[in-house]
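Order as written gives the chain letters A, B, C, D, E, F and G; numbering starts at 1 within each chain.
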(Lines give C-alpha, C1' and ligand atoms only; values in the text may rest on other atoms or scores of the structure.)
Protein backbone atom coordinates (compact mmCIF):
# COMPACT_ATOMS: atom_id res chain seq x y z
CA UNK A 1 0.00 0.00 0.00
CA UNK A 2 1.47 3.32 -1.07
CA UNK A 3 0.77 7.05 -0.75
CA UNK A 4 0.93 8.95 -4.04
CA UNK A 5 1.01 12.68 -3.24
CA UNK A 6 -1.01 15.01 -5.47
CA UNK A 7 -0.09 18.30 -7.12
CA UNK A 8 2.86 19.99 -5.35
CA UNK A 9 2.83 17.72 -2.34
CA UNK A 10 5.58 15.55 -0.98
CA UNK A 11 5.38 12.60 1.43
CA UNK A 12 8.16 12.69 3.99
CA UNK A 13 9.10 10.41 6.86
CA UNK A 14 10.60 12.05 9.91
CA UNK A 15 14.03 10.73 10.87
CA UNK A 16 14.22 9.52 14.48
CA UNK A 17 15.91 11.93 16.88
CA UNK A 18 18.49 9.29 17.88
CA UNK A 19 19.45 8.65 14.29
CA UNK A 20 19.64 12.37 13.78
CA UNK A 21 22.09 12.73 16.59
CA UNK A 22 24.31 9.99 15.22
CA UNK A 23 24.26 11.81 11.89
CA UNK A 24 25.48 14.93 13.59
CA UNK A 25 22.30 16.96 13.43
CA UNK A 26 20.59 18.11 16.60
CA UNK A 27 17.59 20.41 16.61
CA UNK A 28 17.34 23.24 19.14
CA UNK A 29 15.51 22.60 22.41
CA UNK A 30 12.25 24.23 21.41
CA UNK A 31 11.87 21.80 18.51
CA UNK A 32 12.63 18.64 20.51
CA UNK A 33 9.21 17.05 20.43
CA UNK A 34 8.88 17.35 16.64
CA UNK A 35 12.10 16.62 14.76
CA UNK A 36 12.33 18.46 11.47
CA UNK A 37 14.77 16.28 9.58
CA UNK A 38 12.94 13.93 7.27
CA UNK A 39 13.48 11.68 4.29
CA UNK A 40 11.55 12.25 1.10
CA UNK A 41 9.43 9.17 0.39
CA UNK A 42 7.31 10.28 -2.58
CA UNK A 43 6.99 13.39 -4.73
CA UNK A 44 3.82 14.64 -6.42
CA UNK A 45 3.64 15.46 -10.14
CA UNK A 46 3.57 19.25 -9.74
CA UNK A 47 1.72 21.12 -12.47
CA UNK A 48 -0.84 23.90 -12.07
CA UNK A 49 -1.42 24.59 -8.37
CA UNK A 50 -3.75 27.45 -7.51
CA UNK A 51 -3.28 28.74 -11.06
CA UNK A 52 0.53 28.71 -10.87
CA UNK A 53 2.89 26.24 -12.56
CA UNK A 54 4.94 24.31 -10.01
CA UNK A 55 7.95 22.19 -10.96
CA UNK A 56 9.08 19.53 -8.52
CA UNK A 57 12.78 19.55 -7.69
CA UNK A 58 12.87 17.04 -4.83
CA UNK A 59 13.74 13.34 -5.21
CA UNK A 60 12.77 10.35 -3.06
CA UNK A 61 15.60 9.45 -0.71
CA UNK A 62 16.77 13.01 -0.09
CA UNK A 63 17.24 14.09 3.53
CA UNK A 64 15.44 17.41 4.05
CA UNK A 65 14.46 19.93 6.70
CA UNK A 66 10.77 20.69 6.76
CA UNK A 67 9.08 23.77 8.09
CA UNK A 68 7.74 23.14 11.58
CA UNK A 69 3.94 22.85 11.89
CA UNK A 70 3.57 22.29 8.14
CA UNK A 71 1.77 19.29 6.75
CA UNK A 72 -0.67 16.56 7.67
CA UNK A 73 0.35 13.39 9.49
CA UNK A 74 -0.95 9.99 8.41
CA UNK A 75 -0.12 6.38 9.31
CA UNK A 76 0.13 3.75 6.57
CA UNK A 77 0.85 0.09 7.41
CA UNK A 78 2.02 1.17 10.87
CA UNK A 79 4.47 3.79 9.58
CA UNK A 80 3.91 7.50 10.22
CA UNK A 81 4.30 9.93 7.34
CA UNK A 82 3.78 13.65 6.84
CA UNK A 83 2.37 15.14 3.66
CA UNK A 84 3.67 18.66 3.00
CA UNK A 85 3.80 21.05 0.08
CA UNK A 86 7.20 21.09 -1.64
CA UNK A 87 7.49 24.76 -0.69
CA UNK A 88 7.43 23.78 3.00
CA UNK A 89 10.73 21.96 2.55
CA UNK A 90 13.42 24.46 3.52
CA UNK A 91 16.68 22.74 2.70
CA UNK A 92 18.34 19.51 1.63
CA UNK A 93 20.88 17.97 4.05
CA UNK A 94 23.88 16.41 2.32
CA UNK B 1 -30.68 11.00 -5.96
CA UNK B 2 -27.15 12.16 -6.69
CA UNK B 3 -24.76 14.97 -5.75
CA UNK B 4 -23.06 16.60 -8.73
CA UNK B 5 -20.17 18.74 -7.41
CA UNK B 6 -19.57 22.11 -9.05
CA UNK B 7 -16.38 23.75 -10.29
CA UNK B 8 -13.28 22.25 -8.62
CA UNK B 9 -15.19 20.33 -5.99
CA UNK B 10 -15.15 16.62 -5.25
CA UNK B 11 -17.65 14.53 -3.31
CA UNK B 12 -15.92 12.01 -1.07
CA UNK B 13 -17.21 9.37 1.32
CA UNK B 14 -15.13 8.69 4.41
CA UNK B 15 -14.01 5.10 4.78
CA UNK B 16 -14.97 3.53 8.11
CA UNK B 17 -12.17 3.29 10.66
CA UNK B 18 -12.62 -0.51 10.95
CA UNK B 19 -12.30 -0.95 7.21
CA UNK B 20 -9.29 1.31 7.28
CA UNK B 21 -7.60 -0.87 9.83
CA UNK B 22 -8.23 -4.01 7.80
CA UNK B 23 -6.70 -2.24 4.84
CA UNK B 24 -3.61 -1.53 6.87
CA UNK B 25 -4.08 2.18 7.33
CA UNK B 26 -4.45 3.65 10.79
CA UNK B 27 -4.61 7.36 11.47
CA UNK B 28 -2.69 8.90 14.38
CA UNK B 29 -4.47 9.33 17.72
CA UNK B 30 -5.27 13.02 17.32
CA UNK B 31 -7.24 12.27 14.15
CA UNK B 32 -9.24 9.35 15.57
CA UNK B 33 -12.65 10.96 15.64
CA UNK B 34 -12.44 12.11 12.00
CA UNK B 35 -10.89 9.53 9.69
CA UNK B 36 -9.17 11.11 6.71
CA UNK B 37 -9.20 8.22 4.27
CA UNK B 38 -12.07 8.56 1.84
CA UNK B 39 -13.32 7.27 -1.48
CA UNK B 40 -13.96 9.67 -4.34
CA UNK B 41 -17.66 9.48 -5.27
CA UNK B 42 -18.02 12.31 -7.79
CA UNK B 43 -15.73 14.88 -9.41
CA UNK B 44 -16.72 18.37 -10.56
CA UNK B 45 -16.04 19.67 -14.07
CA UNK B 46 -13.18 22.02 -13.12
CA UNK B 47 -12.80 25.05 -15.33
CA UNK B 48 -12.32 28.67 -14.26
CA UNK B 49 -12.34 28.89 -10.46
CA UNK B 50 -11.65 32.31 -8.95
CA UNK B 51 -10.19 33.37 -12.30
CA UNK B 52 -7.80 30.41 -12.51
CA UNK B 53 -8.11 27.37 -14.80
CA UNK B 54 -8.42 24.16 -12.78
CA UNK B 55 -8.06 20.71 -14.32
CA UNK B 56 -9.49 17.77 -12.45
CA UNK B 57 -7.16 14.81 -12.02
CA UNK B 58 -9.15 12.69 -9.58
CA UNK B 59 -11.40 9.78 -10.59
CA UNK B 60 -14.43 8.29 -8.83
CA UNK B 61 -13.42 5.14 -6.94
CA UNK B 62 -9.97 6.37 -5.93
CA UNK B 63 -9.02 6.07 -2.26
CA UNK B 64 -7.66 9.41 -1.08
CA UNK B 65 -6.47 11.26 2.01
CA UNK B 66 -8.25 14.55 2.56
CA UNK B 67 -7.02 17.51 4.50
CA UNK B 68 -8.52 17.52 7.99
CA UNK B 69 -11.18 20.19 8.66
CA UNK B 70 -11.67 20.75 4.92
CA UNK B 71 -15.07 20.51 3.30
CA UNK B 72 -18.77 20.50 4.07
CA UNK B 73 -20.64 17.42 5.28
CA UNK B 74 -24.03 16.50 3.86
CA UNK B 75 -26.30 13.45 4.13
CA UNK B 76 -28.03 12.11 1.02
CA UNK B 77 -30.41 9.11 1.24
CA UNK B 78 -29.01 8.29 4.67
CA UNK B 79 -25.37 8.32 3.54
CA UNK B 80 -22.91 10.93 4.76
CA UNK B 81 -20.65 12.67 2.24
CA UNK B 82 -18.11 15.45 2.36
CA UNK B 83 -17.71 18.02 -0.40
CA UNK B 84 -14.16 19.33 -0.69
CA UNK B 85 -12.10 21.23 -3.22
CA UNK B 86 -9.82 18.97 -5.25
CA UNK B 87 -6.86 20.88 -3.81
CA UNK B 88 -7.83 19.67 -0.32
CA UNK B 89 -7.10 16.09 -1.38
CA UNK B 90 -3.51 15.43 -0.33
CA UNK B 91 -2.70 12.02 -1.74
CA UNK B 92 -4.07 8.91 -3.43
CA UNK B 93 -3.74 5.62 -1.54
CA UNK B 94 -2.93 2.65 -3.78
CA UNK C 1 -41.59 42.33 -6.95
CA UNK C 2 -38.43 40.48 -7.88
CA UNK C 3 -34.79 40.23 -6.82
CA UNK C 4 -32.31 40.47 -9.68
CA UNK C 5 -28.89 39.36 -8.39
CA UNK C 6 -25.85 41.30 -9.58
CA UNK C 7 -22.50 40.10 -10.90
CA UNK C 8 -21.74 36.51 -9.80
CA UNK C 9 -24.54 36.32 -7.27
CA UNK C 10 -27.40 33.85 -7.10
CA UNK C 11 -30.69 34.11 -5.22
CA UNK C 12 -31.61 30.84 -3.57
CA UNK C 13 -34.56 29.77 -1.45
CA UNK C 14 -33.89 27.24 1.27
CA UNK C 15 -35.96 24.06 1.00
CA UNK C 16 -37.90 23.22 4.15
CA UNK C 17 -36.40 20.47 6.33
CA UNK C 18 -39.62 18.40 6.08
CA UNK C 19 -39.61 18.54 2.31
CA UNK C 20 -35.95 17.69 2.38
CA UNK C 21 -36.63 14.57 4.41
CA UNK C 22 -39.34 13.43 2.00
CA UNK C 23 -36.86 13.92 -0.80
CA UNK C 24 -34.46 11.64 0.96
CA UNK C 25 -31.92 14.24 2.02
CA UNK C 26 -31.19 14.83 5.67
CA UNK C 27 -28.49 17.13 6.88
CA UNK C 28 -26.20 16.13 9.76
CA UNK C 29 -27.15 17.18 13.30
CA UNK C 30 -24.80 20.13 13.51
CA UNK C 31 -26.50 21.74 10.51
CA UNK C 32 -30.07 21.21 11.74
CA UNK C 33 -30.98 24.80 12.38
CA UNK C 34 -29.83 26.00 8.94
CA UNK C 35 -30.74 23.58 6.14
CA UNK C 36 -28.32 23.79 3.25
CA UNK C 37 -30.46 22.44 0.43
CA UNK C 38 -31.94 25.26 -1.60
CA UNK C 39 -33.58 25.97 -4.92
CA UNK C 40 -32.02 28.46 -7.31
CA UNK C 41 -34.48 31.31 -7.87
CA UNK C 42 -32.44 33.79 -9.90
CA UNK C 43 -28.93 33.92 -11.38
CA UNK C 44 -26.82 37.05 -11.91
CA UNK C 45 -25.24 37.93 -15.25
CA UNK C 46 -21.65 37.06 -14.27
CA UNK C 47 -18.96 39.04 -16.06
CA UNK C 48 -15.94 40.77 -14.54
CA UNK C 49 -15.95 40.26 -10.76
CA UNK C 50 -12.96 41.62 -8.86
CA UNK C 51 -11.07 41.74 -12.16
CA UNK C 52 -11.80 38.09 -13.03
CA UNK C 53 -14.22 36.83 -15.68
CA UNK C 54 -16.98 34.72 -14.12
CA UNK C 55 -19.33 32.55 -16.19
CA UNK C 56 -22.59 31.50 -14.61
CA UNK C 57 -23.39 27.80 -14.86
CA UNK C 58 -26.40 27.57 -12.55
CA UNK C 59 -30.04 27.65 -13.74
CA UNK C 60 -33.19 28.72 -11.89
CA UNK C 61 -35.05 25.68 -10.61
CA UNK C 62 -31.94 23.63 -9.79
CA UNK C 63 -31.71 22.09 -6.32
CA UNK C 64 -28.33 22.93 -4.81
CA UNK C 65 -26.30 22.63 -1.65
CA UNK C 66 -24.92 25.94 -0.43
CA UNK C 67 -21.94 26.53 1.77
CA UNK C 68 -23.05 27.07 5.36
CA UNK C 69 -22.74 30.65 6.67
CA UNK C 70 -22.45 32.03 3.14
CA UNK C 71 -24.72 34.74 1.86
CA UNK C 72 -27.12 37.43 3.01
CA UNK C 73 -30.74 36.73 3.97
CA UNK C 74 -33.56 38.99 2.79
CA UNK C 75 -37.36 38.78 2.86
CA UNK C 76 -39.36 39.80 -0.21
CA UNK C 77 -43.20 39.71 -0.17
CA UNK C 78 -43.09 37.54 2.93
CA UNK C 79 -40.68 34.97 1.45
CA UNK C 80 -37.16 34.52 2.76
CA UNK C 81 -34.29 34.30 0.30
CA UNK C 82 -30.53 34.06 0.54
CA UNK C 83 -28.17 35.84 -1.86
CA UNK C 84 -24.88 34.01 -2.33
CA UNK C 85 -21.99 34.05 -4.75
CA UNK C 86 -22.18 31.25 -7.32
CA UNK C 87 -18.88 29.94 -5.95
CA UNK C 88 -20.58 29.33 -2.59
CA UNK C 89 -22.81 26.72 -4.22
CA UNK C 90 -21.08 23.38 -3.67
CA UNK C 91 -23.14 20.89 -5.63
CA UNK C 92 -26.31 20.30 -7.60
CA UNK C 93 -28.72 17.65 -6.25
CA UNK C 94 -30.38 15.56 -8.96
CA UNK D 1 -24.42 70.35 -2.44
CA UNK D 2 -23.82 66.92 -3.94
CA UNK D 3 -21.72 63.81 -3.29
CA UNK D 4 -19.84 62.54 -6.33
CA UNK D 5 -18.55 59.03 -5.56
CA UNK D 6 -15.07 58.11 -6.76
CA UNK D 7 -13.80 55.02 -8.58
CA UNK D 8 -16.13 52.03 -8.08
CA UNK D 9 -18.17 53.63 -5.31
CA UNK D 10 -21.90 54.23 -5.20
CA UNK D 11 -23.89 56.59 -2.98
CA UNK D 12 -27.07 54.97 -1.72
CA UNK D 13 -29.87 56.21 0.52
CA UNK D 14 -31.51 53.65 2.77
CA UNK D 15 -35.25 53.30 2.27
CA UNK D 16 -37.28 53.75 5.46
CA UNK D 17 -38.50 50.53 7.08
CA UNK D 18 -42.14 51.69 6.88
CA UNK D 19 -41.90 52.41 3.20
CA UNK D 20 -40.21 49.08 2.77
CA UNK D 21 -43.12 47.29 4.39
CA UNK D 22 -45.62 49.06 2.14
CA UNK D 23 -43.53 47.99 -0.81
CA UNK D 24 -43.82 44.41 0.30
CA UNK D 25 -40.26 43.89 1.45
CA UNK D 26 -39.54 43.10 5.06
CA UNK D 27 -36.08 42.32 6.31
CA UNK D 28 -35.51 39.47 8.79
CA UNK D 29 -35.45 40.28 12.50
CA UNK D 30 -31.70 40.30 12.90
CA UNK D 31 -31.41 43.06 10.33
CA UNK D 32 -34.16 45.28 11.81
CA UNK D 33 -32.01 48.11 13.03
CA UNK D 34 -30.19 48.53 9.70
CA UNK D 35 -32.51 48.15 6.70
CA UNK D 36 -30.69 46.89 3.64
CA UNK D 37 -32.98 48.18 0.91
CA UNK D 38 -31.66 51.41 -0.54
CA UNK D 39 -32.00 53.67 -3.54
CA UNK D 40 -29.01 54.43 -5.69
CA UNK D 41 -28.34 58.18 -5.60
CA UNK D 42 -25.04 58.52 -7.47
CA UNK D 43 -22.64 56.17 -9.25
CA UNK D 44 -18.88 56.60 -9.55
CA UNK D 45 -17.03 56.51 -12.88
CA UNK D 46 -15.46 53.05 -12.41
CA UNK D 47 -12.14 52.56 -14.16
CA UNK D 48 -8.95 51.05 -12.74
CA UNK D 49 -9.50 50.11 -9.09
CA UNK D 50 -6.63 48.35 -7.33
CA UNK D 51 -5.20 47.54 -10.75
CA UNK D 52 -8.41 45.98 -12.07
CA UNK D 53 -10.82 47.49 -14.61
CA UNK D 54 -14.27 48.00 -13.07
CA UNK D 55 -17.35 48.80 -15.17
CA UNK D 56 -20.30 50.38 -13.42
CA UNK D 57 -23.66 48.71 -14.11
CA UNK D 58 -25.86 50.49 -11.55
CA UNK D 59 -28.05 53.52 -12.34
CA UNK D 60 -29.33 56.28 -10.05
CA UNK D 61 -32.91 55.58 -9.02
CA UNK D 62 -32.53 51.78 -8.81
CA UNK D 63 -33.73 50.06 -5.64
CA UNK D 64 -31.00 47.76 -4.39
CA UNK D 65 -30.06 45.48 -1.52
CA UNK D 66 -26.70 46.28 -0.01
CA UNK D 67 -24.45 43.99 1.93
CA UNK D 68 -24.90 44.58 5.65
CA UNK D 69 -22.01 46.35 7.43
CA UNK D 70 -20.60 47.58 4.12
CA UNK D 71 -19.91 51.23 3.48
CA UNK D 72 -19.42 54.54 5.23
CA UNK D 73 -22.30 56.72 6.44
CA UNK D 74 -22.32 60.47 5.88
CA UNK D 75 -24.89 63.25 6.31
CA UNK D 76 -25.26 65.91 3.62
CA UNK D 77 -27.75 68.77 4.03
CA UNK D 78 -29.52 66.84 6.76
CA UNK D 79 -29.90 63.65 4.71
CA UNK D 80 -28.06 60.43 5.59
CA UNK D 81 -26.29 58.52 2.84
CA UNK D 82 -24.07 55.48 2.66
CA UNK D 83 -21.09 55.18 0.32
CA UNK D 84 -20.38 51.60 -0.74
CA UNK D 85 -18.39 49.84 -3.42
CA UNK D 86 -20.55 48.67 -6.33
CA UNK D 87 -19.52 45.11 -5.50
CA UNK D 88 -21.23 45.45 -2.10
CA UNK D 89 -24.59 45.81 -3.85
CA UNK D 90 -26.06 42.31 -3.95
CA UNK D 91 -29.22 42.66 -6.02
CA UNK D 92 -31.61 45.04 -7.71
CA UNK D 93 -35.22 45.01 -6.51
CA UNK D 94 -37.79 45.43 -9.30
CA UNK E 1 7.82 73.98 4.19
CA UNK E 2 5.65 71.61 2.17
CA UNK E 3 4.57 67.96 2.17
CA UNK E 4 4.95 66.23 -1.19
CA UNK E 5 3.04 62.93 -1.05
CA UNK E 6 4.62 59.91 -2.72
CA UNK E 7 3.14 57.31 -5.07
CA UNK E 8 -0.67 57.14 -4.78
CA UNK E 9 -0.87 59.23 -1.62
CA UNK E 10 -2.79 62.43 -1.05
CA UNK E 11 -2.35 65.05 1.66
CA UNK E 12 -5.69 66.26 3.01
CA UNK E 13 -6.62 68.79 5.66
CA UNK E 14 -9.73 68.06 7.69
CA UNK E 15 -12.37 70.78 7.52
CA UNK E 16 -13.43 72.08 10.93
CA UNK E 17 -16.77 70.72 12.19
CA UNK E 18 -18.20 74.26 12.54
CA UNK E 19 -17.32 75.15 8.97
CA UNK E 20 -18.79 71.85 7.90
CA UNK E 21 -22.10 72.67 9.55
CA UNK E 22 -22.26 76.10 7.84
CA UNK E 23 -21.60 74.32 4.56
CA UNK E 24 -24.57 72.09 5.18
CA UNK E 25 -22.73 68.86 5.89
CA UNK E 26 -23.03 67.20 9.28
CA UNK E 27 -21.48 63.86 10.04
CA UNK E 28 -23.41 61.23 12.05
CA UNK E 29 -22.90 61.09 15.81
CA UNK E 30 -20.50 58.18 15.80
CA UNK E 31 -18.08 60.15 13.65
CA UNK E 32 -18.20 63.36 15.71
CA UNK E 33 -14.71 63.25 17.10
CA UNK E 34 -13.10 62.70 13.70
CA UNK E 35 -14.74 64.71 10.92
CA UNK E 36 -14.42 63.07 7.53
CA UNK E 37 -14.78 66.08 5.25
CA UNK E 38 -11.42 67.34 4.13
CA UNK E 39 -9.76 69.50 1.53
CA UNK E 40 -7.16 68.06 -0.79
CA UNK E 41 -3.85 69.88 -0.24
CA UNK E 42 -1.42 67.89 -2.37
CA UNK E 43 -1.60 64.89 -4.69
CA UNK E 44 1.15 62.33 -5.30
CA UNK E 45 2.42 61.41 -8.78
CA UNK E 46 0.75 58.00 -8.96
CA UNK E 47 2.58 55.44 -11.09
CA UNK E 48 3.39 51.84 -10.21
CA UNK E 49 2.13 51.05 -6.70
CA UNK E 50 2.54 47.47 -5.51
CA UNK E 51 3.00 46.46 -9.14
CA UNK E 52 -0.21 48.15 -10.33
CA UNK E 53 -0.46 51.34 -12.38
CA UNK E 54 -2.36 54.05 -10.45
CA UNK E 55 -3.59 57.25 -12.09
CA UNK E 56 -4.37 60.19 -9.84
CA UNK E 57 -7.75 61.82 -10.42
CA UNK E 58 -7.91 64.17 -7.43
CA UNK E 59 -6.95 67.87 -7.55
CA UNK E 60 -5.75 70.20 -4.78
CA UNK E 61 -8.63 72.30 -3.52
CA UNK E 62 -11.31 69.63 -3.89
CA UNK E 63 -13.53 68.92 -0.87
CA UNK E 64 -13.63 65.20 -0.23
CA UNK E 65 -14.89 62.58 2.17
CA UNK E 66 -12.19 60.26 3.44
CA UNK E 67 -12.59 56.80 4.80
CA UNK E 68 -12.58 56.90 8.59
CA UNK E 69 -9.46 55.46 10.29
CA UNK E 70 -7.48 55.72 7.06
CA UNK E 71 -4.22 57.60 6.87
CA UNK E 72 -1.44 58.99 9.01
CA UNK E 73 -1.68 62.35 10.81
CA UNK E 74 1.22 64.79 10.79
CA UNK E 75 1.66 68.43 11.85
CA UNK E 76 3.62 70.81 9.65
CA UNK E 77 4.21 74.44 10.69
CA UNK E 78 1.46 74.11 13.28
CA UNK E 79 -1.15 72.76 10.84
CA UNK E 80 -2.47 69.20 11.07
CA UNK E 81 -2.67 67.12 7.92
CA UNK E 82 -3.59 63.55 7.08
CA UNK E 83 -1.80 61.49 4.44
CA UNK E 84 -4.06 58.89 2.82
CA UNK E 85 -4.01 56.72 -0.27
CA UNK E 86 -6.15 58.13 -3.08
CA UNK E 87 -8.28 54.99 -2.87
CA UNK E 88 -9.27 55.93 0.70
CA UNK E 89 -11.05 59.01 -0.63
CA UNK E 90 -14.68 57.96 -1.06
CA UNK E 91 -16.33 60.94 -2.74
CA UNK E 92 -15.96 64.52 -3.82
CA UNK E 93 -18.33 67.07 -2.27
CA UNK E 94 -19.52 69.75 -4.72
CA UNK F 1 30.89 50.52 8.18
CA UNK F 2 27.79 51.02 6.02
CA UNK F 3 24.31 49.56 5.59
CA UNK F 4 23.39 48.75 1.99
CA UNK F 5 19.63 48.14 1.84
CA UNK F 6 18.39 45.33 -0.39
CA UNK F 7 15.57 45.23 -2.94
CA UNK F 8 12.97 47.98 -2.29
CA UNK F 9 14.31 48.92 1.12
CA UNK F 10 15.51 52.27 2.34
CA UNK F 11 17.67 53.11 5.35
CA UNK F 12 16.40 56.19 7.17
CA UNK F 13 17.61 58.05 10.24
CA UNK F 14 14.97 59.63 12.43
CA UNK F 15 15.39 63.36 12.92
CA UNK F 16 15.54 64.41 16.55
CA UNK F 17 12.29 65.90 17.91
CA UNK F 18 14.08 69.11 18.96
CA UNK F 19 15.50 69.60 15.49
CA UNK F 20 12.07 68.89 14.09
CA UNK F 21 10.52 71.63 16.18
CA UNK F 22 13.12 74.12 15.03
CA UNK F 23 12.35 73.14 11.47
CA UNK F 24 8.71 73.91 12.06
CA UNK F 25 7.35 70.36 12.08
CA UNK F 26 5.71 68.97 15.20
CA UNK F 27 4.08 65.59 15.33
CA UNK F 28 0.73 65.12 17.10
CA UNK F 29 0.73 63.98 20.73
CA UNK F 30 0.04 60.32 20.04
CA UNK F 31 3.20 60.08 17.96
CA UNK F 32 5.49 61.80 20.46
CA UNK F 33 7.59 58.84 21.50
CA UNK F 34 8.41 57.84 17.91
CA UNK F 35 9.04 60.80 15.62
CA UNK F 36 8.16 60.12 12.00
CA UNK F 37 10.34 62.64 10.23
CA UNK F 38 13.52 61.06 8.98
CA UNK F 39 16.36 61.57 6.57
CA UNK F 40 17.03 59.07 3.83
CA UNK F 41 20.52 57.60 4.32
CA UNK F 42 20.65 54.85 1.70
CA UNK F 43 18.35 53.51 -1.00
CA UNK F 44 18.16 49.91 -2.25
CA UNK F 45 18.45 48.97 -5.93
CA UNK F 46 14.76 48.14 -6.44
CA UNK F 47 14.07 45.51 -9.07
CA UNK F 48 11.77 42.49 -8.82
CA UNK F 49 10.20 42.37 -5.34
CA UNK F 50 7.65 39.62 -4.73
CA UNK F 51 7.33 39.25 -8.50
CA UNK F 52 6.65 42.95 -9.11
CA UNK F 53 9.04 45.48 -10.63
CA UNK F 54 9.81 48.29 -8.17
CA UNK F 55 11.56 51.50 -9.20
CA UNK F 56 13.21 53.56 -6.50
CA UNK F 57 12.34 57.26 -6.49
CA UNK F 58 13.90 58.34 -3.21
CA UNK F 59 17.36 59.92 -2.87
CA UNK F 60 19.76 59.99 0.06
CA UNK F 61 19.49 63.30 1.90
CA UNK F 62 15.73 63.74 1.40
CA UNK F 63 13.63 64.50 4.49
CA UNK F 64 10.68 62.14 4.58
CA UNK F 65 7.74 61.07 6.70
CA UNK F 66 7.64 57.35 7.35
CA UNK F 67 4.65 55.27 8.24
CA UNK F 68 4.54 54.69 11.99
CA UNK F 69 5.36 51.13 13.16
CA UNK F 70 6.98 50.31 9.82
CA UNK F 71 10.53 49.04 9.58
CA UNK F 72 13.25 47.42 11.61
CA UNK F 73 15.58 49.40 13.87
CA UNK F 74 19.31 48.72 13.94
CA UNK F 75 22.33 50.47 15.46
CA UNK F 76 25.53 50.82 13.44
CA UNK F 77 28.63 52.46 14.95
CA UNK F 78 26.47 53.93 17.72
CA UNK F 79 23.92 55.48 15.36
CA UNK F 80 20.31 54.22 15.21
CA UNK F 81 18.75 53.61 11.82
CA UNK F 82 15.48 52.22 10.58
CA UNK F 83 15.16 50.01 7.51
CA UNK F 84 11.79 50.38 5.76
CA UNK F 85 10.32 49.51 2.41
CA UNK F 86 10.17 52.50 0.04
CA UNK F 87 6.38 52.12 0.01
CA UNK F 88 6.29 52.87 3.76
CA UNK F 89 7.58 56.37 3.07
CA UNK F 90 4.48 58.57 2.83
CA UNK F 91 5.79 61.95 1.79
CA UNK F 92 8.84 64.09 1.19
CA UNK F 93 9.20 67.24 3.31
CA UNK F 94 10.62 70.22 1.40
CA UNK G 1 27.41 17.56 6.36
CA UNK G 2 25.92 20.62 4.63
CA UNK G 3 22.60 22.44 4.34
CA UNK G 4 21.58 23.27 0.76
CA UNK G 5 18.71 25.78 0.91
CA UNK G 6 15.88 25.35 -1.59
CA UNK G 7 14.12 27.88 -3.83
CA UNK G 8 14.54 31.45 -2.52
CA UNK G 9 15.94 30.44 0.85
CA UNK G 10 19.23 31.41 2.41
CA UNK G 11 21.10 29.78 5.28
CA UNK G 12 22.57 32.35 7.65
CA UNK G 13 24.61 32.06 10.83
CA UNK G 14 24.02 34.70 13.47
CA UNK G 15 27.11 36.64 14.44
CA UNK G 16 27.85 36.59 18.18
CA UNK G 17 26.85 39.77 20.03
CA UNK G 18 30.39 40.22 21.36
CA UNK G 19 31.86 40.02 17.89
CA UNK G 20 29.20 42.44 16.72
CA UNK G 21 30.23 44.98 19.32
CA UNK G 22 33.85 44.72 18.31
CA UNK G 23 32.78 45.35 14.73
CA UNK G 24 31.01 48.50 15.82
CA UNK G 25 27.42 47.29 15.50
CA UNK G 26 25.14 47.16 18.52
CA UNK G 27 21.48 46.28 18.31
CA UNK G 28 18.89 48.24 20.30
CA UNK G 29 17.87 46.89 23.73
CA UNK G 30 14.64 45.27 22.61
CA UNK G 31 16.54 43.06 20.19
CA UNK G 32 19.23 41.94 22.66
CA UNK G 33 18.27 38.29 23.02
CA UNK G 34 18.20 37.69 19.25
CA UNK G 35 20.97 39.46 17.38
CA UNK G 36 20.06 40.29 13.79
CA UNK G 37 23.49 40.49 12.20
CA UNK G 38 24.35 37.29 10.42
CA UNK G 39 26.70 35.84 7.86
CA UNK G 40 25.35 34.23 4.72
CA UNK G 41 26.41 30.57 4.65
CA UNK G 42 24.52 29.20 1.65
CA UNK G 43 22.16 30.59 -0.98
CA UNK G 44 19.33 28.70 -2.71
CA UNK G 45 18.98 28.50 -6.50
CA UNK G 46 16.01 30.89 -6.75
CA UNK G 47 13.66 30.22 -9.66
CA UNK G 48 9.88 30.06 -9.63
CA UNK G 49 8.60 30.60 -6.07
CA UNK G 50 4.84 30.74 -5.61
CA UNK G 51 4.53 31.38 -9.35
CA UNK G 52 6.97 34.30 -9.35
CA UNK G 53 10.53 34.31 -10.71
CA UNK G 54 13.05 35.05 -7.95
CA UNK G 55 16.69 35.90 -8.67
CA UNK G 56 19.18 35.47 -5.88
CA UNK G 57 21.46 38.44 -5.24
CA UNK G 58 23.14 37.37 -2.01
CA UNK G 59 26.54 35.66 -1.78
CA UNK G 60 27.98 33.36 0.88
CA UNK G 61 30.26 35.33 3.20
CA UNK G 62 28.23 38.55 3.15
CA UNK G 63 27.33 40.09 6.50
CA UNK G 64 23.61 40.87 6.53
CA UNK G 65 20.81 42.09 8.75
CA UNK G 66 17.84 39.75 8.86
CA UNK G 67 14.29 40.59 9.73
CA UNK G 68 13.58 39.68 13.34
CA UNK G 69 11.31 36.64 13.88
CA UNK G 70 11.88 35.44 10.31
CA UNK G 71 13.17 31.98 9.55
CA UNK G 72 13.58 28.54 11.05
CA UNK G 73 16.48 27.60 13.34
CA UNK G 74 18.34 24.33 12.93
CA UNK G 75 21.53 22.86 14.40
CA UNK G 76 23.96 21.00 12.14
CA UNK G 77 27.11 19.38 13.57
CA UNK G 78 26.71 21.47 16.72
CA UNK G 79 26.41 24.79 14.87
CA UNK G 80 23.15 26.78 14.89
CA UNK G 81 21.85 28.16 11.62
CA UNK G 82 18.73 30.01 10.51
CA UNK G 83 17.01 29.39 7.21
CA UNK G 84 15.23 32.47 5.87
CA UNK G 85 13.79 33.64 2.58
CA UNK G 86 16.10 36.01 0.71
CA UNK G 87 13.39 38.67 1.00
CA UNK G 88 13.73 38.57 4.81
CA UNK G 89 17.27 39.89 4.52
CA UNK G 90 17.00 43.67 4.90
CA UNK G 91 20.49 44.97 4.22
CA UNK G 92 24.09 44.07 3.65
CA UNK G 93 26.65 45.40 6.16
CA UNK G 94 29.92 46.48 4.58
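Convention: a contact is a pair of C-beta atoms (placed from the backbone, for glycine too) under 8 Å apart; a residue touches a chain by one contact, two chains touch by 3 or more.
Owing to the predicted nature of the structure, the values given are computational and were not obtained by experimental measurement.
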Joint neighbours (subunit B and subunit G) are A
Euclidean distance of C-alpha centroids - subunit E vs subunit G, Å: 41
Between the Cα centroids of subunit A and subunit B the separation in whole angstrom comes to 23
In subunit A, residues with contacts to at least two other chains: 50-51
With subunit F as the start and subunit G right after it, run through the chains round the ring. F, G, A, B, C, D, E
In their complex, what parts of subunit B are in touch with subunit C? 1-7, 9, 11, 44, 48-51, 72-78, 80, 83
Inside the complex, what are the residues of subunit A that reach subunit G? 23-28, 31, 36, 50-55, 57-58, 65, 67-68, 87, 89-94
